[in-house]
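The structure appears right after this line, and notes come after that.
To keep things simple, chains are lettered A, B, C and D as they appear, and every chain counts its residues starting from 1.
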């Protein structure tokens, strides 16, 4: 079976989790990345879920929401949401995953509404959930989203989850205590934010630097050392396909 | 919290006196304690334990001008918005968690169909802090989340401030005190002392912050069951205005140790409600066309028993 | 929180990385994680579950300049003050709950014997709010309690303010973030995920606010026991620096479902410590003259087994 | 057996609890008053204990502290202290009991320290506990203490628990949302605060108006309708002596 973009993204996302880290996991691809990390290089990573669930071992079953009963059975802590958000605000949460409908060159994310006037949106999006909190307060932010010109925009219509704002020391000036996007993983490539602006680090095997640039809404900078994203190992593919056999999350072209 | 809330609250608040047996029917609980214009917290455990039976009853009773409060209530808010019950939404996320966007919410904000609604954007943390402030009887709680986000401006109630400790920027999140919080739980006694296990989300803060609480218990049990394990109590009877025994009250959302989430039901709803006609057909078929929740469960046929879970027993604890 | 705290914390903080097996001895836990000058939260469940075994070990290791934090820790604070371990006390009440005044505390504040101490007066609510603010990572929480009381002036850290919502007077209670919180609980796994039942007081806030937590578990159990009932977890392993299995760690205070309070022991302490010589005799007999807590329990003779309780089982709960 | 002052005080304290009320109980005499009220005229009263215990039925055994294991067994809620204090601050707690070492004519209580300089006390007292919170925030404050000239003083050295301050609208000016002492029950009599100042309502059978005045540190006003405090009924005495057979709390002359 051909390797899907979702599988490449999950494999890369898993690499972003170091052993022993405390990570806000979320659903969909990040959840599967957490499963992969736990079963490979990060056996001591801890997963936090916004509704209050803390897990040492990932749920044995594929989840559709973080509140599914298998995600609660075997958790080490059922906390209150504010308990986990409090740890996040303290600065003891190493990383968090979020997705987004739109992202700009400085890693600011919009999951609230498309259109100039939030009160009269062209497209109403679901909103922040805990995403804006993770973007504000986690030590590292890991962003995962589909790649196309309408989503990677010069400027987003609404900053739901703050990235690096307008660059420079914007986060410090705003009063954000830490954090910001560490990596953006799209269906086409992997991007870092060395000086607050997204720079292409690698394109996936099924894509190219040119395709990444062509599908980005701002003049995209590519690293001089730009390379091909490491493909998922056979072991990692086996874990992904064992956990999401139907490809509900990893083959929906997300 | 809405201009109408004090009035509606004064019509319905239980006051601080403890009233022993508060059992009633779902119809009467909603009729007595959730007047038009009420601010109502629903789905405060986020994805699980959403009291859909109460959501359906609000729609059957054609409530209007409700002010909804909840971080992520899956499709509960979308249904109420589509049915025209809602004036304002205070939420961090409104959608269909496993299927995507919420069509009724989109129609309301994009096209004012069936009516325009006011949205007060939150994050999960600010939703939790506003209810925690309400529970503490504090006017607000300060935070550093959302500094630099456009959410504070869109919400319109947060106050930008600097810390008197070090002059650093802060957002002050004002207390939210719902007229009524509707909680689903596994078991409660007839006074309203409620045991909930599994994720609490912001449920306890929402219950303690509210003027009144309506408890939908999967099972009403003897006081001695509650009193055998007081750490499980999520809400004390002193806040409760009505206790209703409603089996399966949370379907299609899950209730830990009782039944699983009905994913396909959420996905059906998503497919069926893409246009207004589809939503109206769906709501007639599953809500307004049914007299009560027992009929709703029967209509699910053998899909419902298949969702039931025996659960795994908690390790013994002795008091 | 004290000038020394950051230094001591930097010497000892576990950081945010999760470390699996953190079992150690009580001696080593105190030696490694409670250096001189540490701010230490102890007895945060108020009268029950006070980790006296850790208090005795702090005295055996002759800790000095500690900054004690706790609303009402019964005689635990009095012992530490009498033994000269304490520079500062943040508390709402320091005494002997069933017997009356605390003689060592009186000698320290009235006569600087064995040394002068700084007292930062609190109420139970402000103690809880300061630790809750620490747990939330918030700089402070506003309140209306103690307006008109002399406690805010005596405490010296509270900030008088007016509400930006309605210009009403408020007190802002700054966060307290202990270098270490010492918790006693019924059971924990070897990583430090701890189950405590019965009253929590401000224990969870103190644990979540702390840089490090030391868990004294009556029993270390398999992970599966903790994971069978995650709502009972008072503190997650990610905050824990050391887990110690210490049977009877709370004597003479009670631990729900395990043993009762030894009232007579508190009354004996009260009678025995009226003067310095009496305190020194008592501490030599019960603490410094004993190598460890097991010897202490043996010294109690059959008074200890008589305090044990089987407890009453909690109603079955299934996840 | 002769009726003790403690028994008269408990009987009066029980009368201060109305049926269905939520009351911060505390230990010693107030605990026994709660037991009496529950078993007589206030079967639906709810007792709150600061460490987080909420009880519908009083502990079957005499308690030495609110954390004793019998006070937790059979509780309807083990809350966190801040949850109960939050209810208090909301204004949904009807009444609370506190004791005090010193009280002044306006019902201000000192449980912190005797002496002009709190930093160098003549007598160090234990402190507020939750008393100052109850005095600040409960709808009604019920004060119970021994009566002598050194305790009922014109002015207290330190206001731990605010009463009516200097009288008039002092509480409102301070920002206190409600409350204040509703009654003071001493070993000699019962006092109300009609205009913020303590007025003798009744003296106990074993005392007299003259004795109350003689043992009060300010020119005490007596109600024109001053009378003898109602004695405990046989039923109430039976409940008190059944609950505290040794008289640990009711016969220590408190």
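To be clear about the criterion, a residue touches a chain if its C-beta (ideal position, glycine included) is under 8 Å from a C-beta of that chain, and two chains touch if they have at least 3 such contacts.
The structure displayed is predicted, hence computed values, not measured ones.
Engineer: Out of curiosity, which chains are bumping into both subunit A and subunit D?
Structural biologist: Under the touch definition, subunit A and subunit D have B, C as mutual neighbours.
Engineer: Using mean Cα positions as chain centres, tell me which chain lies farthest from subunit D.
Structural biologist: Chain centre farthest from subunit D's centre: A.
Engineer: For subunit A versus subunit B, what separation do you get between their C-alpha means, in angstrom?
Structural biologist: For subunit A versus subunit B, the centre distance works out to 28 Å.
Engineer: Cα centroid separation between subunit B and subunit C, in whole Å?
Structural biologist: Computed value for the inter-centroid distance: 37 Å.
Engineer: Approximately how many whole Å separate the CA-defined centres of subunit B and subunit D?
Structural biologist: 39
Engineer: Got the subunit B residues that touch at least 2 other chains?
Structural biologist: Counting only residues that touch two or more other chains, subunit B contributes 129, 136-138, 143-144, 168, 170, 197-198, 200, 204, 231, 256-257, 311-312, 319.
Engineer: Multi-chain contacts only, two chains or more: what residues does subunit D have there?
Structural biologist: 53, 69, 72-73, 78-79, 82, 85, 88-89, 137
Engineer: Examine which chains touch each other and state the graph shape they make (line, ring, star, complete, other).
Structural biologist: The chain contacts form none of line, ring, star or complete graph.
Engineer: Show me, using the given definition of touch, all chain pairs that touch one another.
Structural biologist: A-B, A-C, B-C, B-D, C-D
Engineer: Note which residues of subunit B are touching subunit A in the complex, please.
Structural biologist: Interface residues on the subunit B side: 45-49, 71-72, 74, 91-95, 97-98, 101-102, 105-106, 109-110, 121-125, 128-129, 132, 143-151, 154, 168-170, 197-202, 204-205, 253-254, 256-257, 260-261, 263, 309, 311-312.
Engineer: Using the touch rule from the top, collect the residues of subunit C that touch subunit A in their complex.
Structural biologist: 16-20, 135-138, 189, 191, 193, 204, 208, 223, 226-227, 230-231, 233, 236-239, 319
Engineer: With touch defined as at the start, can you tell me which subunit A residues reach subunit C in the complex?
Structural biologist: These residues of subunit A touch subunit C: 20-22, 44-46, 53-54, 56, 69, 72-79, 82-83, 85-94, 137, 139.
Engineer: Under the touch definition given earlier, write down the residues of subunit A that touch subunit B in their complex.
Structural biologist: 27, 49-53, 64-69, 72-73, 78-82, 85, 88-89, 112-113, 118, 120-133, 135-137, 158-162, 165, 170-171, 174-177
Engineer: In the complex formed with subunit C, which residues of subunit B make contact?
Structural biologist: Touching subunit C from subunit B are residues 129, 136-144, 159, 161, 163-166, 168, 170, 172, 174, 186, 195, 197-198, 200, 221, 225, 228-229, 231-232, 256-257, 310-319.
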